[in-house]
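One chain, chain A, links the two complexes that follow: it is found with chain B in the first and with chain C in the second.
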Partner chain A sequence: MSWKLFNLLLEASLMTIFVSSVSILIGLFLAILLSAANLSGIRPLQWFAKFFISFFRGTPLLVQLLLLYNLLPVIGVQIPSLVTAIIGLSICTAAYQAENLRGGFEGVPTGLVESADMAGFTPVQTFFHIRVPIALRLTLPALINEAILILKASSLVSVVGLIELTRMAQNLVASTFMPLEIYASAGLIYLVINLVVATAGRQLERRLPGVGGK
Partner chain B sequence: MSDNAISVQHLVKRFGETTVLDDISLEIPRGQVSCLIGPSGSGKSTLLRCMAFLEEATDGSIFIEGAPLGFVYDGAGKRQRQSATELRKVRSQIGMVFQQFNLWPHMTALGNVSAALRRVRKLSRAEAEEKAMVQLRKVGLENRAGHYPSQLSGGQQQRVAIARSLALEPKIMLFDEPTSALDPELTGEVLNVMRGLASEGMTMVVVTHEIGFAATVGNQISFLDQGKLLFTDAPSKVFAKPRHPRLEQFLDTYLDRGASTLV
Partner chain C sequence: MGFDFNVILSKQDELISGIAMTIFVWVVGTFAAALIGFIIATARRYGGVIVDKALTVPIEVIRGTPFLVQLFLLYFGGPYIGLSLDALPAGLIALSIYGAAYFAEIFRAGYQSVPPGHVEAAECLGFTRVQVIRNILLPEMALLVIPPSVNMAIILLKETALLSLITVPEMTMTASAIGSQEYAFVEAMVLIALVYWVLVELAGVLGRFAEKKLSRYRLAKA
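Coming up: the complex of A and B.
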C-alpha cells in the first residue's frame, strides 16, 4: 500500500477526530444541562431529561443518524453533512454522559454542598462551582471511556454523507481492491488515536487535584 | 432577646417518630463562647445544624441577631418557609465549621477561602485573594495558600475551613466537634486558633468533647442528654460538685485523659 493512500486515510482521520471531539464537548455540555434538569426539582424538566436519556440510550445510533438525516429535509432544514453528523453524535453521547454524570453528582458529599450553602452560594452557583467540578472528577474515567466509544462510533456518520476515516477506507477499497491493507491501516489509526486518548486521560486523572492525585 | 446573638425558643426536631430535640430553649449571648456538651447521639449536632438551618426544626423558632431564621410566621400565626434570599441574608451572619472540614477538594486553600468573596461578595479576584490571604495568615497558613486540601494535614485543613468562614466576616461562628476528626497531636493548633477568636470577642457556639477547652474558654456550658437540654450555666458552676448525676456519668465516660485536672 502506497504512502499516498495512507496519507488519504490520515487526512480522513482528522475529520474523525474533529467530529468526535466536538461532539464529545457539546455532548458534555448538554449532559450537564440534563443533570441540572434532573437536580432542579422541577417535575417537567425532570421528565424531559428522563425521556431524553432513555430514548437516546435505548435506540441504536445508526437509527438515530438515519432518522435525523431523513427528518431534516422533511422539516425543511438544509445543513451540511458535517453539522448533521455532529448533531447526531452530540445528542447520543449527551444521553450516555448524563447517565455517567448521575453517579458523579450522587457522589458529591453533602457536606461540600452545605459549606457552599453556608458561604452564601445560590443553588446555581453551587451547581457550577462545586457540584459540576466534583462530579466531573469522579466520573472522569467514564468520560474518557465515552470519548473512546464515540471515536469508534463516529464511523457510523458516513450514513449522513460525511467522509471520515471509515468512509474513506471504503472508498479507497472500492478503487484499489486492497481491502486487507486498507482496513488494517484504518484500524491501526483508530487504535493509535484511542491509545493517545486513554493515556492522556490517565495522566489527567493522576494530575487533577481532588481526584486520585494530590 | 436583643442582647443575644442567637435565641432558640422551644425547638423541637423529630426524625420520623424519634424526637431528637425535645423543647430546647437556649440563649447565646453576644461576644461569648457557648459550649454544647453531652453524650454522642444526644442531639448536639442537630441543634447546631438547626442554628444554621442546615436542619429544619419540626417546631419552635430560632432568631439570629433578632431576625427569624428559616421560618417566618404569617399574620394568622402559621409557620412558613423564609424566601431563599432572606435565608441567605440571615445566614450570612453565621460561619460554620464542620467536623469533616468540608473543604472543596478541587480548590486550593486560597481558592477555598476566596471563592465566596468572589462569587457571593462579587469582589475582583485580586481583592478576594488579598482578603483571603489575610485570613490564611491569621490561622498561620499563608505559606500553604497554593496547596490543595489533599496536600494538607487534618489540622491545617480545619484551619483553612475556619479561615474560609472568617473571610465572610460572620458575627457568629458555629463549630461542630472541630477537632474530633483530628489526630490528637493536631487538635492543639485548631484549639489555639479558636482561643484567639474567642479573645477577639467572636460569638462562638462550640459542640465539643474537649472538656478542658469548654472549661477554660467557655463562658457558658449547655449539657444535652437524649434530646433534652438539662442545664446551661457558667463552667465554674457546671463542674462544681455536687454535679448533676447525668453529667457525672458523662464525665466518667467521656472525659479525655489529662483534662480531668481542669475540672
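Coming up: the complex of A and C.
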C-alpha cells in the first residue's frame, strides 16, 4: 500500500477526530442539562430525562443514525451530512454521559451543597458552581472512556455519507481492491488515536486535584 | 406527510425472521464471546508471564479499534488470505472475537477479586486446578462478574445491528429493505428501535434477576 493511500486515510482521520470531539463536547453539555432535569425535582422533566437516557442507551447507534438521516428530509429539514452526524453522535453520547454523571452527582458531598445553600446560593448557582465541577471531576475517568467509545462509534457516521476514516477506507477499498491493507491501516490509526486519548486522560487525571481529600 | 406503520406491519413475516436472526446472532455471539473470554482470562492466569503479556496485545487492539472496521477487515479482507466466509459466519466470528476481548477483562477482574487465601486453602486440601476453578473461583466471582457481563451482552446486542452492513439478514437489514421498498423507512426504523429497546430492557431485567438468585454466594466481609 502506498504512502499516498495512507495519507488519504490520515487526512480523513482528522474528520473523525473533529466529529468526535465536537460531539463529545455537545454531548457533555446536553448531559449536564439532562442531569439538571433529573435533579430538578420536577416530575415531567425527570420523566423526559429518564426516557431520553433509556431510549438512546437502549437502541443501536446505527439505527438512530439511519432514523435521523431519513427522518430529517421527511420533516423538511435539509442539513449537510456533517451536521446530521454531529447531531446523531451528540444525542447518543449525551445519554451515556448523563448516566455516567449520575454517579458523579451522587458523589458530591452533601456538606458542600448545604454550605452553598447556607451561603445564599440559589439552587441554580449551587448546581453550576458546586455540583457540576465536582461531578465532572469525579467522573473524569468515565468521560475519557466515553471519548474513546465515541471515537470508535464515529465509524458509523459513514452510513450518513460523511467522509471520515471508515468511509474513506471503504472508498479506497472500492477503487484499489486492497481491503486487508486499507482496513488494517484504518484500524491502526484508530488504535493510535485512542492510545493518545487514553494516555492524555491518565495524565490529566494525575495532574488535577482530587475532591475533598478523596 | 403522515406516518403509516401498517405497510411495515403487513410485512410481519419478514420482520419476525429478521428479529429471530438478531436474537440468534446475539445469543450465539454472546455465549461464544463469554466462553472465549473465559478461556483467555484463564490462560492469562495460569499460562505464565509470556502468555499473559502476549495476550494483552490482541485484547488491546480489539478494544481500541471500531467493531465496524474489524468486521470489514474480516469479511472483505478475509478472502485475500484464503478466508472466504459467508456473511453470517463472518458476522458471528467477528462478534465473538470482539466480545471475547471485553469478556477476557471482565473475567480477569473476577479472578482477581477472589481472596487468594480461599484458593490456597483449596489447594492445601488437595483440590486440582480444575476443581479450584469450578468450585472456588467461578462461584466466588459469579456475583461480581454478572453485572458487567449483562452490560456487555447489551452492548453486543446493539453491535449486531452492524452486521446488516455485511448483509446478514438481521432486523436492521430486513427493516431497511422493507422500509425502502414501501417508502416507509422512518416507520421501519422506529419499529425496530422499539424492538431493540425492549430486548435491552429485558436483558437488564434478566441480569438483575440472576444477580438476586446468586446473592447467596455473596462473600462474607472478611
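Details
Just so it is clear, the second predicted complex is superposed on the first by the 210 of 214 C-alpha atoms of A that agree within 3 Å, B and C clash if a C-alpha of one lies under 4 Å from a C-alpha of the other, contacts with A are read in each partner's own complex, and residues count from 1 in each chain.
Operating definition for what follows: a residue touches a chain if its C-beta (ideal position, glycine included) is under 8 Å from a C-beta of that chain, and two chains touch if they have at least 3 such contacts.
Note that the structure is a prediction, hence the values are computed from the model and not measured.
Residue contacts after overlaying the shared chain place A:133 against chain B, while chain C stays out of touching range.
Chain A has more of its residues touched by C than by the other of chain B and chain C.
In the superposed pair of complexes, A:190 makes contact with chain C only, with no contact to chain B.
In the superposition on chain A, A:120 makes contact with chain B only, while chain C stays out of contact range.
Within the superposed three-chain model, A:74 lies in touch with chain C and out of touch with chain B [touch as defined at top]. Legend: residue contacts after superposition of the two complexes on their common chain; A:59 is shown touching chain C, with no touch to chain B.
When the two structures are aligned on the shared chain, A:176 is found in touch with neither chain B nor chain C. Put simply, chain A uses no single residue to touch chain B in one complex and chain C in the other. By the touch criterion stated above, chain A contacts chain B in their complex at residues 109, 111-112, 114-123, 125, 129-130, 133-134, 137, 208-210, 213-214.
Across the complex, chain A is touched by residues 1, 60-61, 64-70, 72-73, 76-77, 80-81, 157-162, 164-165, 172, 176, 179, 185-186, 189-190, 192-193, 196-197, 200-201 of chain C. Here chain A touches chain C in the complex through residues 54-55, 57-64, 66-67, 70-71, 74-75, 148, 152-156, 158-159, 166, 169-170, 173, 179-180, 183-184, 186-187, 190-191, 194-195, going by the rule given at the top. Here chain B touches chain A in the complex through residues 52, 54, 84, 88, 91-92, 94-96, 98, 100, 102-106, 108, 115-116, 119-120, 148-151, 161, 164-165, 168, going by the rule given at the top.
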